[in-house]
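Sharing a structure, written as structure tokens. Questions coming.
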Amino acid sequence: MHAYQARIGELRLDPAGQVQARLDCPPAALPAPGQYLLAYDPQDASAALATPLFAAELLADGFWAAAPLPPAWQPGLVLALRGPLGKGFALPGDVRRLALAALGGSAARLLPLAQQALRQDLSVALFTAAALPRLPSSIEINPLGMLPEALAWADFLAVDLSVEQVESLAGVLGLQGGLPPACPGQALVSAAMPCGGSGGCGACAIPVRRGWKLACQDGPVFDLRAWW
Amino acid sequence: MHAYQARIGELRLDPAGQVQARLDCPPAALPAPGQYLLAYDPQDASAALATPLFAAELLADGFWAAAPLPPAWQPGLVLALRGPLGKGFALPGDVRRLALAALGGSAARLLPLAQQALRQDLSVALFTAAALPRLPSSIEINPLGMLPEALAWADFLAVDLSVEQVESLAGVLGLQGGLPPACPGQALVSAAMPCGGSGGCGACAIPVRRGWKLACQDGPVFDLRAWW
Amino acid sequence: MSKYDLVFANPLMNAAGTLGFAPASHDAQALSGLGAFVTDPLSLGMRTPAHGPHCLPYPGGFLLHTGYPNPGLNTALRRHAARWARASQPVIVHLLVQKVEDLSWMLPRLERLEGLGGLEVGLPPEVDASAAVAFTRAAAGELPVIVRLPFEQAVQLAPAVVDAGAAAVSLSPPRGTLLVANKSGSPHLVEGRLYGPSVYPLALAAVRAITARGLPVIGAGGIYTVEQARAMLASGALAVQLDGIIWKEGLQIWNCWKSMLA
Amino acid sequence: MSKYDLVFANPLMNAAGTLGFAPASHDAQALSGLGAFVTDPLSLGMRTPAHGPHCLPYPGGFLLHTGYPNPGLNTALRRHAARWARASQPVIVHLLVQKVEDLSWMLPRLERLEGLGGLEVGLPPEVDASAAVAFTRAAAGELPVIVRLPFEQAVQLAPAVVDAGAAAVSLSPPRGTLLVANKSGSPHLVEGRLYGPSVYPLALAAVRAITARGLPVIGAGGIYTVEQARAMLASGALAVQLDGIIWKEGLQIWNCWKSMLA
């Protein structure tokens, strides 16, 4: 765990109208796809917690942080960062066809993984009902309802979902009778992470097949086998 | 008491490095010198109170609000306003030589009165230890220590001070033995005004010769005779 | 009217110390949304303002330390009783009592007034159960009595106070202590009452603990949205008292909230 | 070591539930500023996480509702006792007790460990004075015992608990209730513990009320600055427990605050 400073260089709206911030920071601070950083404004004594930041787009010396962000964050602000934290996505070396599924209102947190996959010349398909930014035309966009078919096409599935959606994941994937998905994959599970892995507050518990895991330490990216 | 909307058009730093905001609002909302408005951001549920706004500069359809302002206020924000509230400065018709005395870290809240006095062709002298913006050259600037002499020159004195400074006012004016100042005048007393005159919370009590007065209702501008 | 007949036109009240000693006539239209008007705290004798800083913001709220300045009951009656009688909603007079005997001086003067909606008697933070019962018994007479309990002890004292004849209990703001940076550098401490949205989760828990015991309570503390008022009412509060939100948003809220709650 | 010997290298501790079950070895350097390490709450049997939302922000703070998940004391001893023994600061084991008898199972297992700094026993919010005394008596043995009192009752219960043998009392986070907007529209209520800077004025007042009675107390609640820690210590607290600020600013604070307090 390392500490860095980042400067907010610019704000922009994502396609859902929520604010993203461009953080200018040392390359060592950049989170791998699915990892996070904890950030706070050292001048703001009224904030009770740090904010977990996920990348929506990786740059050479910084990244666009996905929403939600504190409304008080403005360009010019210098933030204290620590991280990168947690386990990110790990694409096996033999993956050729990557399916991305964003179950929530934004696909932003999957886009760095798409960036990485395109650099590796994978075929990438995105399944979502969320509004999308302009994406490379090589990414095929599909409605979420087609996700069950994707499991036959893809050889790896990367999902973005909230802790509340974990229970309905099997249904969204079209799985029945407790059978596992036809292709391997991982899921980035978003939960509030107040202690951010500094020790078990237990707030980020994610139900898994046998008991539960902590998003902040054991995740936030989990193998789909956690549930099957 | 009336309700208005104001849009924050622009921010700037005053000479002490504190933020002022240009509020664009209907002319009827403009506070007279020494009056105030209460303002809040209807989108910000976390703010416990409205902010009292005093003008640092009056414009045709808006005004520059003096510091301190909430750090979350940014250009584009639309504020709910009510007012103008309280009793402002009232220059008698026969005043020719106006002395302004800013006892705190800023002279901003006296400048609209200076604006008005210059339009009426009065001679204006400002006594202060505060950092100053660029002012019309017709305003004579003097150190605070010369204030006792000003009482002989001026035929009206307008003071800006905090409730904590009320006790030391006689000393700053060079008065002894409980004698009143040699010229008439008024003082704008700044105190926290949580209820802003909506009824007596009693928090803005100002000690006067006989008991006390409420800044939000009886002031915030008081005749110097309140203390002599 | 018996002491059990607390009547409100609607369940929205102001908390004592928020709107002054009487409804201002130029605010009559705005105040018509108010179910009952609670006066500023009145003591038997006059009280002057507290010294030192009076309003200290902190994250999520602010601390007030005013000393509850007031001209004393007799002066207040002279100045305000006519306006109480004219008011378009029930007026509840809040009494800041120093000793139990104060009430035997105050009560006869209040009971002969026309059309008061009731009394609210504020107990001191350090009150114990037997003193709370004594204050309640002394206040219970011809007018319905709301006993405002110190927040810290409200759940514990409510049963005895209702048993002693209170028509309902209400909650004082919680008390707290803050640091203030001195000019000299070393901070000093200021004690006072706490207001603001950060008080709400504490207040809702306390109200629910009281209604869970089947006791009549008027909820208060950090209510800043209609949903928060509705949740306190749905938790069994007879009515709610608003404080900081009135000051933040102004008198327009009464009619607006009343229609949203209807 | 007698039950009165609470020894800290310095007056800075973490609150139970902030840093896990044992000091992580890769954090040893950062944790060297810590006067004592308090474990996450351990119950006799395993506890699974609470359902529903676990962390709800509100102005000035946040509510946590976790159910204090933990693997149970026996599993925790197997996993963590070796790290407690190796730790460079005293380790205080926090016990989440369900019944007084739980302690007769838990105590012998803990008393035979090497070099524990003490125990902290967390009492439930609905505890009364006689139950608090019974928990304290059952916990008092070879190790010094801190009794963590429900915030709402701390001032009231402290005398009896110290009298029953507690080396000191500490304060749980206050409990509160919040509204959460449902997808369906109608909000539902969530109960939990309150954290954040808005808790500080309440906590400082409670600590001062306890030290005013001459009782040993470890302060906690909403401490977010060194000045706030210093003011609590100057008010007579033996030590302070930090919570939200550790999560916000990370482990770097221990050495930084320690040197500022020195």
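Which chain is which? They are A, B, C and D, in the order written, and residues in each are numbered from 1.
Here is the rule we go by: a residue touches a chain if its C-beta (ideal position, glycine included) is under 8 Å from a C-beta of that chain, and two chains touch if they have at least 3 such contacts.
Here the structure is a predicted model, which is why all the values come from computation and not from measurement.
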Label of the chain whose CA centroid is most distant from the centroid of chain C: A
Between B-C and A-C, the pair joined by more C-beta contacts: B-C
Geometric centre distance via CA averages, chain D-chain B, whole Å: 49
Whole-Å gap between the CA centroids of chain A and chain D: 33
Residue numbers of chain D (touch at least two other chains): 59-61, 196-197
Shared interface positions of chain A, touching two or more other chains: 45-46, 48
Graph class of chain-chain contacts, one of line, ring, star, complete, other: complete
Contacting residues of chain C [partner chain B, same complex]: 14, 17-21, 24, 40, 48-49, 53-55, 57, 60-62, 64, 66-70, 195-197, 224-225, 244, 246-252
Contacting residues of chain A [partner chain C, same complex]: 45-46, 48
Complex interface listing, chain A residues touching chain D: 1, 3, 38, 40, 45-50, 80, 82, 191-196, 198-205, 211-212
Chain D residues within the chain C interface of the complex: 58-61, 63, 152, 155-156, 174-179, 187, 189, 191, 194, 196-198, 200-202, 204-205, 208, 227-228, 231, 235
Chain D residues touching chain B - in the complex, by the definition given at the top: 59-60
